[in-house]
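This is the structure I have questions about; it appears just below.
A, B, C and D are the chain letters, set down in written order, and residue numbers restart from 1 in every chain.
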Amino acid sequence: MAWFIGIDIGSLYSKGVIIKDDELSAYYITLSGANYRTAAETIRQELLTKANLTQDYITDIVATGSGASSVYFASKKASDIVCTARGINSIFPSARTIIDVAGQSTKAMRIDRQGLVANFAVTEKCAAGGGRFIEVIANVLRIDLKDFGPLSLHSESPITFSTGCAVFGESEAITRVAEGIPKEDIAAGVNKALADKISSLARKIALEEPCAICGGGALNIGLIKSVENTLNIQLLIPPQPQITTALGAAITARTSSLKR
Amino acid sequence: MYFAGVDIGSTMTKTVLMDTNNKVVSAIKGPTGPEHRQLANEVMKMALEQANLQLDDISYIVATGYGRLNVPFADRQITELTCHARGVLSLFPDVRTAIDIGGQDAKCMKINSGKLVNFVMNDKCAAGTGRFLEILAATLGIKLEDLGDISLKSTKKVQISNFCTIFAQQEVVSRLSEGEKLEDIIAGLHDALASRVAGLARRLKIEPDVVLTGGVAKNAGIVKAMKENLGCELLIPEDPLLTGALGAAILAKERFSKATAKGEPIPTKPRRLEKATFFTKETS
Amino acid sequence: MTTEQKKRAINRLNSMHPLRAKVNESYLKSVEAMQAGKPTVWGMLNYYYGDPILKAMDVEVVYPENYGAALAAAGVAQSYLDRADADGFPTHLCGYSRASIGYTSRMMKELNGEIPPEAPLGGMPRPIFLMASTAVCDARYKWFQALGRYMDAPVWTFEAPLPGVKELFMEGSYERMVDLGVKHARDFVAFVERMLGKKLDWDKLSETVDLMIEISQVWHETNELRKVKPSPMHSRDFWSSMPPALFLMGDLKDSLQCYQDMYDEVKDRVDNHIGAIAEEKYRLFFAELPPWHSLGFFDRLAERGWNFVIESFGYHPPIPLDMSGVSDPLERLTRFSLQIYVGYYKDAFEKNVPAGGMAYPYLKYAREWKCDGGFLHPLISCRSASTHLPYVSNILMERLKVPSLTIEGDIVDLRLFDPEDALSKAEPFEETMEHYRQIRRQEGFDW
Amino acid sequence: MLDKSKGLSKAREIYQNRSHRVKELKAEGKKIIGYPCMYVPLEIITALGLVSYRTYGDIAEPVTEADKALPTAFCPIMRTCLDCALKAKDDFLDGMVAIHSCDPQDKTTRVWQSYISYPYFHLIDMPGTLRTQSLEYFKGQLNDFKKTLESFAGKELPSDKLKAAIELHNRQRALVRELYKLTKPDPPLISGTEMLQVIKALMSLPAAEGNELLTQVISEVKERKDGPEKKPARLLIWSSTLDNIDIMQLFEAGANVVMDESCGGIRAYRADVKLTDDPLDGLSDYYLKEITCARTFREAVFGEARKDYIADLDSRFGYLKDFIRGWNINGAILFLVRYCDPFAFEMPSLKDYLDHLGIPNTYIEYDYTQGSLAPLRTRVEAFLETID
């Protein structure tokens, strides 16, 4: 019996999971905040407490994400793309394509049966291309992120943003709210804008079904529906889409220790 | 007789009332924030009260700025480019280059023999506009107006690598936690904005006198950074936020007197002191 | 990264040094030439048409597009770009063109024809005329035409016909291209004679053309040697060595010797199974221009076992062609010049790839050089080196199951290329390459 | 013969539903040949009893499919054209003929060809200069095109038939020029928007039907009482492609567009094809020399030893002088499609030339997306404010 930890330090959220052999025993999500080191330590502590273990039980720790290097206690850094692939593969072995809607950017990748990366593409670093755009607008609409998706589904006529910039999109949303345009139309407009970006990314790597979606964006049912409509496919959604990459990191830890 | 200029920017609405001798009888900078954009009528009310006038006392009203299109009480819309140029000219007759850093755009205007002759503008992305600083000031929990003085303390500015405003937010926060000095970070932000605006301005030949307007022109740090990036001196109006509205008021008077001189009917519209709207059906 | 690490990572060819040295030489020579009152011509990479003629007439040619790279490398491009902007040239234009337009603006408007003191490599002297070409992209002739705002130097635009693939094989089509080329070149000779007030020595031209062809023959064979495993020569050695063959820089007899030496060194490595990197795990091709300023990043990839075994056909010599019985040097020159594209057409036609020039060569390279992947480097302000890459990546996948990694860069804004970003994608791309190795085996490919 | 008063509304209908008529013709067994660029000699298509149809993109359609083959920093016109093709929006085409008029055109065509297999596909190569041997080469290319199209149509094309087609198309050119005469009055009798609808309709109809439409429109416009209202400025638009009335209406909100020098305007109709013994001589001469797209390298004198800048400008832009004088133009908008190198390099020189002629002008860039239109309004208005 062996335990492994995977920690994914993202631009906005940090996630960690602890697995016992091949089953998930605990996970924890927190804001990355200003200091990634602190975030990493908190996550490790929380995970150990939740799984009620001590560090000695942990065979190996792998770190990933944009802040991976801040996880000073990890034995190895792994690419987030690779980890996401492993994570989804462990949840949906049949999945051949993955769409990861993270805070800073969106990734699309194809994977093989073993969960090895078969092809991938990433959007450029602009908030309008990632999940961050949704948070910004949710904030404007003063609605909880978890309500954003369901709300958007009620829209009859989604708005079209006159700008490709998330910041201007924010102002535009504010003004439209002030002018009494229904929140759901604005929310749906955001989802549509992002879904279009995601779809062309997925087409670039010649999307192959079944296709899974993960990352914070996968919590947004409106976005999912919008992507499904644009690409005309059904998406697989993991129970905790945000921790997929961290889970993959933990799995990477396990496989590399098995090799040893 | 009185004339009015209303400048509906993306974050502020400004109104200037002027008499026939171009004397400003009232000037109001309206409530900030996109949620108040359409409240130009409120701002106009305040201006009228300040000058203690009625709407009917105003002979001609010109609306300008991002929100100029649907202003129910304006007689005519004129672009912010022309209005800024006119306003700046009235304050600095020798101006050849006017740079305006607004809330949702940055523009550079070439002025020759009293006319706007050429211009460039960025309105695609918040980086390179006033919004950039607004947002980052908020992120740092500092009042916009305090940025300048703090940044002047800086000894070595921090390079801001993220172009996207929203990612720059995260960057400055982690830079702070890495122990970078606040003033150095703010100086870095000023430089990032200034270099983008200067890059835009360089697309036109920059000739003196160069005037800088817009809210950020009150920020000593930006002015310094702009001077460094442009490599020239800058003139700043007393109230750099008002030049657009001022220009609009002057143009209102000019249109009016031109018409009366020619004995043409004054092309005023039926006025309703109601909210402006931004998003008509066809744009959404 | 320390230098000895570099040495360990990529095993550079000694024979590369004298060829690399020729680049700076040729700039200095052109400046000397001008100081000695000899005429200089600005040229556009025109795939040979004009170069040997000017060479035979002893005219120094400088290439603003190369100089654009030099300006960027020296970190002085920005001030010239700003001038081009200020003169009203749209900012989305080719970075090299904007740099050289700004340079010309400064030279002519501010220094009445004098070389700017700050100009690196001795600067580009004022030309007596400009030699443009319709090859590769529209910028190549519109750019020189635009320089007319600043200089009274006339522009000669070379025709570089580019028919469709199946269209080339229509009766008489190829011969009409040759006819166009030869007549055009003959007019060019007359033009140059008029500009220089002296006659062309046709024997010298004939000799120059033959040397050029010989050089490219040796250069071609050298690159053929790179097909073996492990590949004996890394792209970095190719890039260091390509300018003398591509731009006929310096003394051609001497260049021929240099390339011969390089062939020998590479052949020797092949015979002794010496690779260009310590342990060749992956074989890649590179498209298009490399990130000149951060070439060190190839060493870090080499440490991971990435060997770059072949690169853009646009910088490679044309596929050799039998010229026996072609007596007119202008016709040899034309057929040779056409070959840079047309050399791939027959194959492309049989394999049914309509993009004979823009994409087919990469298919050929990936197949024959047994590449596991392609490293695509689109350059924001150089569309001719970028626009075909998505298609290339697509068709490589469709036809050969060869994946490619795309990392953006630019030719003048050097900060745009982020080596760290590229390296962060190395790990997943290795998996991708492994994955398609299996797929290729399943589908009966032989690598 | 339709009611004379219906010309403009018919043009509007065709503009809105461009493929309607060719689909009818296809149902009648006609073969439809698409072409993405005005440099394709339609006379050859018409002469063989085939229907030519200009393929366009759609500004309202977000580019998605084309992303797999073309980068984003690439001619947006070609991107949307390919995108629409990949989305099978013009799946009624029996064939496609493209031409190497510019680099994006050439590259896109080759991609196009490898993703969509039409029964007929031909790519014409086109020289960049006007030299004699370039003309010879071009004639050879047109002859190759004629041959492949003949074998597709399954019949020879005798030169009298080709000459007849040339006359038919020359007639169309003459009619368009006649229509453009009606923008000379102040205010013009026909708006730039209506003109654009007519021109785009012509490119969606067989030549003969196009001529019929033009005759209707001309007589209708001559008699109309509801013409455009007078605006402070009479504009010349100079652009590569302007094929969308939303854009034209942006200009016309504050001005009368009386001359549109783009391939949605007069460019394809400015001159006539000469009737030569070998019709291909007239065709190659016209298509290489007479169409004034920036893609062609023009020079005052072949192999000149010195360059006289103004003479050079005249050789490149001289034809604009006639427009400016003849149409009494007092402002020019140089309307640049982003990433269009041939036109972009022209900007400063054309500006020099217009300044030299004393015509106020501005250069405005757009990327052929709906989103890019709103910012245009401010730029256009600001320019008009500088001239009124």
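Convention: a contact is a pair of C-beta atoms (placed from the backbone, for glycine too) under 8 Å apart; a residue touches a chain by one contact, two chains touch by 3 or more.
In this text the structure is predicted, and so the values were computed from the model without any measurement.
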item	value
Required steps from subunit B to subunit C (each step between touching chains, minimum)	1
Partner chains that subunit A and subunit C have in common	B, D
Pair of chains whose C-beta contact count is the highest in the structure	C-D
Relative to subunit A, chain with the most remote C-alpha centre	D
Whole-Å separation of chain centres (CA-atom averages), subunit A against subunit B	39
Mean-CA-position distance for subunit D and subunit C (Å)	35
Centroid spacing, where centroids are CA-atom means, of subunit A and subunit D in whole angstrom	47
Numbers and ranges of subunit B residues touching at least 2 other chains	124, 283
Residues of subunit A touching at least two other chains	160, 162-164, 204, 206
Residues of subunit D engaged with two or more neighbouring chains	67-68, 374
Arrangement of touching chains [line / ring / star / complete / other]	complete
Touch list for subunit A against partner subunit D, complex	160-164, 196, 199-200, 203-204, 206, 230
Residue ranges of subunit B touching subunit C (in the complex, touch as defined)	202-206
Subunit A - residues contacting subunit C, complex	78-79, 81-82, 85, 109, 112, 116-120, 122, 204, 206
In the complex, subunit C residues that touch subunit B	82, 85-86, 91
Residue ranges of subunit B in contact with subunit D within the complex	77-82, 115-119, 121, 123-124, 283
